[in-house]
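Read the structure below first, then the notes.
We call the chains A, B and C, going by the order they appear; numbering starts again at 1 in every chain.
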Amino acid sequence: MDEPKLLARGVTKTFHDGRRALEVLTPIDLTVNTGEFATVIGPSGCGKSTLFNIIAGVDQPTAGVIAIDGAEKGARAGMCGYMPQQPLLLPWRTAEENVMLGLDVRRVPRKQAQHDAHELLKRFGMVEFAGNYPATLSGGMKQRIALLRTVLFNSSFLLLDEPFGALDALSRLSLQMWLLDLWSAFHSSILFITHDVREAILLSDRVYVLSARPARVARVVQIDLPRPRLPEHLALSQAVQLEQELVSLLMKEQRS
Amino acid sequence: MKLRRIAGFGPAIVLVVVLLALWQLYVYVSKVSPHLLPAPTAIVQALLNNWDVISVNTVQTLLETVIGMAAATLFGLLMAILLDISLWTRRAVYPLLVVSQTIPLIALAPLFLIWMGFGLEPKVIFVILYCFFPIAVACADGLASAEPEMLNLLRSMRASRWQILWLVRLPGAMPAFFSGLRIGVTYSMTGAIVSEYIGAYQGLGIYMETSANSGAVDLVFAAILVTAIVSLLLFGLVSWLERIALPWYHGTTNQALILPRAGRMIV
Amino acid sequence: MNARTRLLLSIGIPILLIIVVVGAFVWVQRSNASPGTTTSANVTSSASKQLTTMTLALDWTPNTNHTGIYVALAKGWYRDEGIDLKLLPYSANVSPDTLVANGKADVGISATEGVVTDAASGQPVVSIAAIIQHNTSALVTLASSGLSRPRDLDGKVYGGFGAPYEGPVVSEIIKHDGGTGQFKNVTLGIDAMTALETHRVDFVWVFEGWEVIQAQLQGVKLNVFPITNYGVSDYYTPVIISSPQEIKQKPDLLRRFMAATVKGYDFARQNPRQAAQILIASAPKGTFPDPQLVYDSQAFLSPRYVDPGRTWGWQDAPQWQNYPQFMLNTGGIDNAQGKPVRTMNFSALWTDEFLPKTPS
């Protein structure tokens, strides 16, 4: 197998607030292979989002190495499709214009960007909302538009930070399936954050469990459920066992 | 929708009519001299009789107002961006901006006259000084209120700081900008008039001064009436522009801006 | 409507408004250009002659003190001298003295008090003609107040224009009549007669030729105390002023200006009614709500422009000596550092060199 999409080795992060030092990440080792769907779960506040910011190039690690597509040096910004927890749609742009945002930053000609965005919306069944403003979209819709924006910017490597956390159960399920659809269509490598164990099991190939702050990798779990995943797979005994294992691990980490 | 909006002005119109009626009644009953307090009917009469002169002066003042206001808007925007660029520029420039507003501009106007003469430039500069500050401050606050998460997102896309300003922060500051603009435009005509009051060939300000000195108080009120109407129109224009530029801001989800049963009201 | 269209509209509509307003402005200027009225800086092209533009700063809204100038304008006498005269309207906040001293106006209208004060504060102007030969100022009270002579004014409220020498001069007038000269002095922001009629003040300083006549027409009864009757030396007010720089650099212009102005006042002296009509027609519309005031005032003032046998405008030394010295003696005239000025070279304050003929 060729080099991994993402290789993070010995990554630490310490925040300095005046004289206090807050150690958020103690050495983290993490890989995402090409085409793999990896998930990071951990107790709240353990530093998952901080890790994401570092990988996305928005923040810098205090120590450690991060290589995307084997490249250690150089700016990481722009090398992954980054989606923070909020959909962050620009209220003055229509859905289609929001999807175009990444291409606008890349200075792709307007006509081209519009065409690409429109095609993407069509492909994933959102084209009827192309001209809507975010204010008129439901939570689930907004997340989908945000995902499409992310994918249009960079479909090879996606960083998704709890994108479905704020949705109700039904919307969440529908979106999870939709995401898997996206993933297979683009053969992306995905690094996904969630605190929902079932979601992690449903979606991923591998799960990294982080400890409480300061975070380190407590456990790496391989998910060997059949692909393509279906909601029913969560009822398999394998899945149930994994779920119990992960939940108890998380609870232990939460308490410590 | 149009009818609803017009109906929204109903209470204001009723109040104005009541006040005018009371005024008219008072003048009639107290028989106060027209040199001291003319009746509303006398004012309208004076306005119609002198329309040829008043309209000329109005156009002059209006010219100063719109040019000054346009310049003030640009200057205000520029100042806001300047304040936003770095903490150092903000620390250096902000106090000066505040001080510029504490100077009683009416004391400055005679100096303007002496330095720059009777032409258009001193009036325009005066209007700029009068109006740019609310625009600059509101817009600067709007720029500063950009969500950090959003900025992170843009940075993850490798956007330069100017791209972030143009794509995200400036458009995001537009609602605040417009609220500052509404304040500025309300004072714009007054600023032009104050500068004319000091000295001018023509304009509503000098017209009011001359009429007052001639004892033609009804003409002073007529000029005030014209000023009020034009200022209202300018305010309405800015509100209309805001609705065009920010349709997303005034959608149905923004309840705070819509008075009950009144459609879109200027707030 | 997408974002691009919205942006274009938001910028386009204001620009359109500006264009419309500028267009309206230019159109209004074109259709309103006429001589004699105070037009804007857009000069209408004259026939063939190259006219020199000259500005005159008025000391008040147009009144019968200014008649000669308006007559000369209307009859084209300034044009004949090659001058395009523009009248700068009066503004309460910048005096003609300041405008003239700073070169923003070629000539202006002021009074002896102004000229002396300007010289003391280091911004001198020079009086080049006296508009009225003898002083026509007076203190007035309402007849209904029962204040029938100056000494009754002790302890009463005076509404003045905020000049430092006013107090002492008024005090002298009262003392001359036997009073103690103590009174309350308030500076008025409003018209003096309005203040008097509404009982805000007890007495004010006015021109006999204007406010007194206005009161007569309005049926307001006044007690009038001409100041020269009560110990104040005769002095010139109003006068036409120019700056020392103007005098040095453009004497010929001033001479031509005075030539036309003298003609104007001579005409006004000999034809009061006609002159008044010209004044009413030339001044901005609405200046004279009551034309009768102009006629009556002109009838009063015309004979007083100049004494019989003399040419209009000529000044004599005593008027520039006695009252100015009196002003300085009151201690109310300060120099730029705030110290009272006691002596002054009065001959530098006035000149007759630009007037056309010698007095007989």
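Keep in mind that, in the parts below, a contact is a pair of C-beta atoms (placed from the backbone, for glycine too) under 8 Å apart; a residue touches a chain by one contact, two chains touch by 3 or more.
Computed from a predicted structure; not experimentally measured.
Distances from each chain's CA mean to the overall CA mean are smallest for chain B.
Looking at which of A-B and A-C shares more C-beta pairs in contact, the answer is the pair A-B.
Among the other chains, A has the CA centre that is most remote from the centre of chain C. Measuring from the averaged C-alpha position of chain B to that of chain C gives a distance of 35 Å.
With centres set at the average Cα position, the gap from chain A to chain B is 48 Å. Centroid to centroid, with C-alpha atoms defining each point, chain A and chain C lie 82 Å apart.
Residue positions of chain B with contacts to 2 or more other chains are 247. For chain A, the set of residues touching two or more other chains reads 92.
Those residues of chain A that touch chain C in the complex are listed here as 92-94, 97.
By the touch criterion given at the top, residues 2-3 of chain C touch chain A in their complex. Of all residues in chain B, those touching chain A in their complex are 147, 149-150, 152-159, 163, 167-168, 171-172, 174, 246-249, 251-254. Per the touch definition, chain A reaches chain B in the complex via residues 53, 56-58, 75, 77-78, 80, 82-86, 88, 90-92, 101-102, 104-106, 133-136, 153.
Interface residues of chain C facing chain B in the complex, by the touch rule stated above, are 1, 6-7, 9-10, 13-15, 17-18, 21-22, 24-25, 28, 32, 38-41, 60-61, 86, 88-94, 98-99, 102, 104, 191, 194, 198, 284-289.
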